[in-house]
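The two complexes that follow have chain A in common; it is paired with chain B in the first and with chain C in the second.
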Partner chain A sequence: MNDKDVQRREELGPDRRQEISSLERRALLKLGFAISGVFLGGSVLSLVSVRKADAAGAPVIGGYPYNPHYTMVIRERHCIDCELCKEACVKTNGVPAYGYRTTILEKRRALEEGKFETTFMPVLCNHCNNPPCVRVCPTTATWKDKTTGIVGIYRPSLCIGCKTCMTACPYNARYFNEERRAIDKCDFCFASRLSKGEKTTACAAACPADVRVFGNLADHGDRVYRLLHAPETLIWVLRPETGAVPNVFYVNT
Partner chain B sequence: MNTHLAGIFPRSGGLEARRSTTLTLTMALLALLAVAGIVAGIHSLVAGHEHTFGVSRGVPWGILIATYVFFVVISTGLCIVSSIGHVFGFKEFMPIAKRAVFLSIVNISTGFLVIAFEIESSWRMVVGNVVGANLTSNIWWMGTLYGFYLVLMVVEFVMLQKGRHGLASACGLAVLLTGIAANSNLGAVFGLLNGQWFWQGPYMPIYFVTSAATSGAVAIIFYTVLAYKVNGWQMSEAMKQSLGSVARLAVLMLAIIVFFTFWRTVAGVTGSAPGRHEALLALLNGPYRFNFWAGEVLLGLVLPLVLLLATRGRNINVLFVATLIAMVGMFFMRYDLVILGQLVPPYHGMGLVDYPEFYSYSPTLHEQLVVVGGAAFCGLFFLLGERFFRGHLVDSH
Partner chain C sequence: MRIWLGVWTLAVALLIHPLSNAADKGGGKAAEPYDEDTYGPEAPVVWVKPVRSVIFEHRVHTMDAGLDCASCHDDLFEMSSGEVAEKDDFTMAAIYQGKYCGSCHDGSTAYNANTRCTTCHIGVRGHQRLERAQAEKGRAK
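== the complex of A and B ==
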């Protein structure tokens, strides 16, 4: 995703955003959306409500593949780079100093002369619907859970450390944990929190700016669902061209 | 038992290896380097790559993967050139067949030795590959097939030594098919990674098999001439002619690699696949330009082609020089392929601050020791092979 794209799309206005090719439509469907909307510029997508999509005759596919379909929506422009999420992740999941499960990248774009706008972009494992890391693992040490869709290293004792999954991941989400002698990565805090009854991830809980919204995309009442289906919202994902079908979405609302 | 071994290790006939102090010292040195490499490798596993290797989160595969690729591609290639003679019956390729089979075993073993230190929890492989077998994983297929390949190759070699030619060539065919399947899977390990645009592409498996045939032709000439030189043997007419034929094959294969390299470059420069373009620019005109122009193009392709064509593969000394530099060039090719494919960071071009345009990687002492150790291991077993198998001569029946 290119930040300039977002800017340009925002300037285009809702009407022109409808000008999309069938290729882009298909790309959107592949992301697993129950509702189809518009998918712009190959990387920016915008969704409209079910009713509107139906009226427009846009194709609709049934439901989300998982339930709960865990998803994170990042309200990017609200991020202030306090890194409390990183701290919480490290503490909760025992992440060593040389590694990280999530981090914050800094983007800068030029406004008018001499002025810049800085935004912070949190990144983490996208729990891809078509995870390249899972396909390449020779020993099935890592897989995507059939119920939750969470991609994890469920059998670290089988991880041989070939690091193929690291080269396969389009998001650089994985690192080799020297202590466990196995790959480690974000598991949406499944082991440390969700499996113990908590409802959200450590990073989302720690964020003071309400940037990270974690939830179940298959539940129409859930906040992530509502955020992603609000009419005329610009939504984008990172590197959609790789076909990994990510589940971390970025918005500026 | 003894008679079995006697069937495998010839007591007489063939060529007597030279026994000189220099040769013994050379072997001792090679053994020492191999041990040093193995010690460095074991230490890296115990201490962890984080503290011993140059690999990182951004560049998880380093020079050892390149070295592994280098050796197993040569091994597959040696298997291909050996099969031309003793499986498919082309007489000109007969004299090199036995040596090629033996060295194919040595090269794949070297590859395995080296990669055992790059796979950071490699001891789990034995159980993991069986219990967790993932049939969609190219690396699983590659490892499994190369495992079978090694076993079959040893059987083939024993049959050859015992003069059971029917069985040996049946085995040879099986080895050839397994080797090519394994090798193309190795290509697919790289080629099927979407999002790693420098590698990605269906031509990768084909490129690997072509590279194998090239390496095999080049390597067997190199090793054969070297064997005759260090042992002071006189080369028979049949062997000279055989090398001439292999040299012609090498020229053809090198030309195909030139073709591949040229079109990959043109496609990468003119196309706009994110990442591939940047990686290619780094190769052509950036930090890797020496590797590319001097290593891959000059040493790996142009000079060997010119030398082989100029002497039409007849001058033994020129053959030796041409294949030696071609092998060096091939190492550059493997290295650049493995490393460059990882150097463009995933979020490049997004206007990120404090984010590298390129990752960097350089091998540490530990990694270099393992590479040198692997090469020494290979060299040592090559020399021992010449001694114990008496010049790998092929009997005329």
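== the complex of A and C ==
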């Protein structure tokens, strides 16, 4: 969904439920949300988690498959591309200069003569519920952890460096680490922080504009849960058409 | 036959339109060159403190919006651009309270400072693009 769509849908308001296409409804149900009269921007909309939802092909029916269900909500409009998150990530996780675990993309929309509206879009591994990168790995070096739901290269010694997972990832979130001789990627700072008792990722902790909100979507008191279930919130994910069921959500609230 | 004449006229009109438009703009600019003594330094100010890559352009505020030097100097900002960045209260919170940029960017005089973030916060990428453009300009001269 591009910026224009986001803006248009935000302006339309909540009373246009009938305009949500069946495809959008299905995408939403797959993500575990019910339609509460808010817009799903060609992707997701909000927002009541479905207890009794029944959608063909839904990976999980009713609630979230993991607990903690690690999720990041990105308050996109607030990002100012100061790149402190990138620096914190590199420092915390020892990311080499030729790769990245998270980065910031820039969208520029032409307004009048010589003027642009800029939106910065932080991106990282979406820790998908249905991760295409895992499906293609020929040696099972990478998988989605059954308890935390974090997609990682848990057995780097098995990685043969074929880079098929890099090609399969819809979010371009993997790189080949030449020192490890294995693929490397964001693990929501599990190894460097979460496993040591920290509650949030390095990038979220470093953000001065409160753009990256990290938390447990299965916990109803958690900020990510509240952000994603606030009424009349427009929520979207990147590349919903891939069916990967990502866990990084974008909002402008 | 008549239809073809219509199509032909339209095509010619469309071709000429952007040219005439561009000529107008060039003429407008030539009429008033940017004068640094009147409007302040032409090169944009880019702060890297307290956060990186925040832009301020004198041209937009003086030549385009019609403010004079005394509108901001020296009450809101010292003449030296680095000076304000050393102050502890040069923050968004202070701006929201009406200090610095916030004395105009309050939602009534000019757009509110808590909207349109990326207009001033051009980001690391925007800063790099600006520096490239300035380097190219320097070479052209």
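Here is the rule we use: the second predicted complex is superposed on the first by the 221 of 253 C-alpha atoms of A that agree within 3 Å, B and C clash if a C-alpha of one lies under 4 Å from a C-alpha of the other, contacts with A are read in each partner's own complex, and residues count from 1 in each chain.
As a convention for this text, a residue touches a chain if its C-beta (ideal position, glycine included) is under 8 Å from a C-beta of that chain, and two chains touch if they have at least 3 such contacts.
Owing to the predicted nature of the structure, the values given are computational and were not obtained by experimental measurement.
By the document's definition of touching, neither partner reaches A:Asp145: not chain B, not chain C. By the document's definition of touching, of the two partners only chain B reaches A:Pro170; chain C does not.
Contacts of A:Glu198 after superposition: neither chain B nor chain C is touched. Contact with chain C, but none with chain B, is seen for A:Ile80 once the two complexes are overlaid on the shared chain. Contacts of A:Glu113 after superposition: chain C is touched, whereas chain B is not reached. In the superposition on chain A, the chain among chain B and chain C reaching more residues of chain A is B. In the superposition on chain A, A:Tyr98 contacts chain B only, with no contact to chain C.
By the touch criterion defined above, A:Leu158 lies against chain B but remains apart from chain C after alignment on the C-alpha atoms of chain A.
In the superposition on the C-alpha atoms of chain A, the part of chain A touched by chain B in one complex and by chain C in the other spans residues 106, 118. Only residues 1-4, 98-99, 105-109, 118, 121, 123, 132, 135-141, 155, 157-164, 166-172, 174-176, 178, 181-182, 238-239, 241-244 of chain A touch chain B when the two sit together in their complex.
Residues 77-84, 104, 106, 113, 117-120, 208-209 of chain A are the ones that touch chain C when the two sit in their complex.
By the touch criterion given at the top, residues 25, 51-54, 117-118, 121-126 of chain C touch chain A in their complex.
Interface of chain B with chain A (complex): residues 48-50, 55, 57-58, 60-61, 119-122, 124-125, 127-129, 131-134, 136-140, 143, 189, 193-196, 274, 341-342, 345-347, 349-355.
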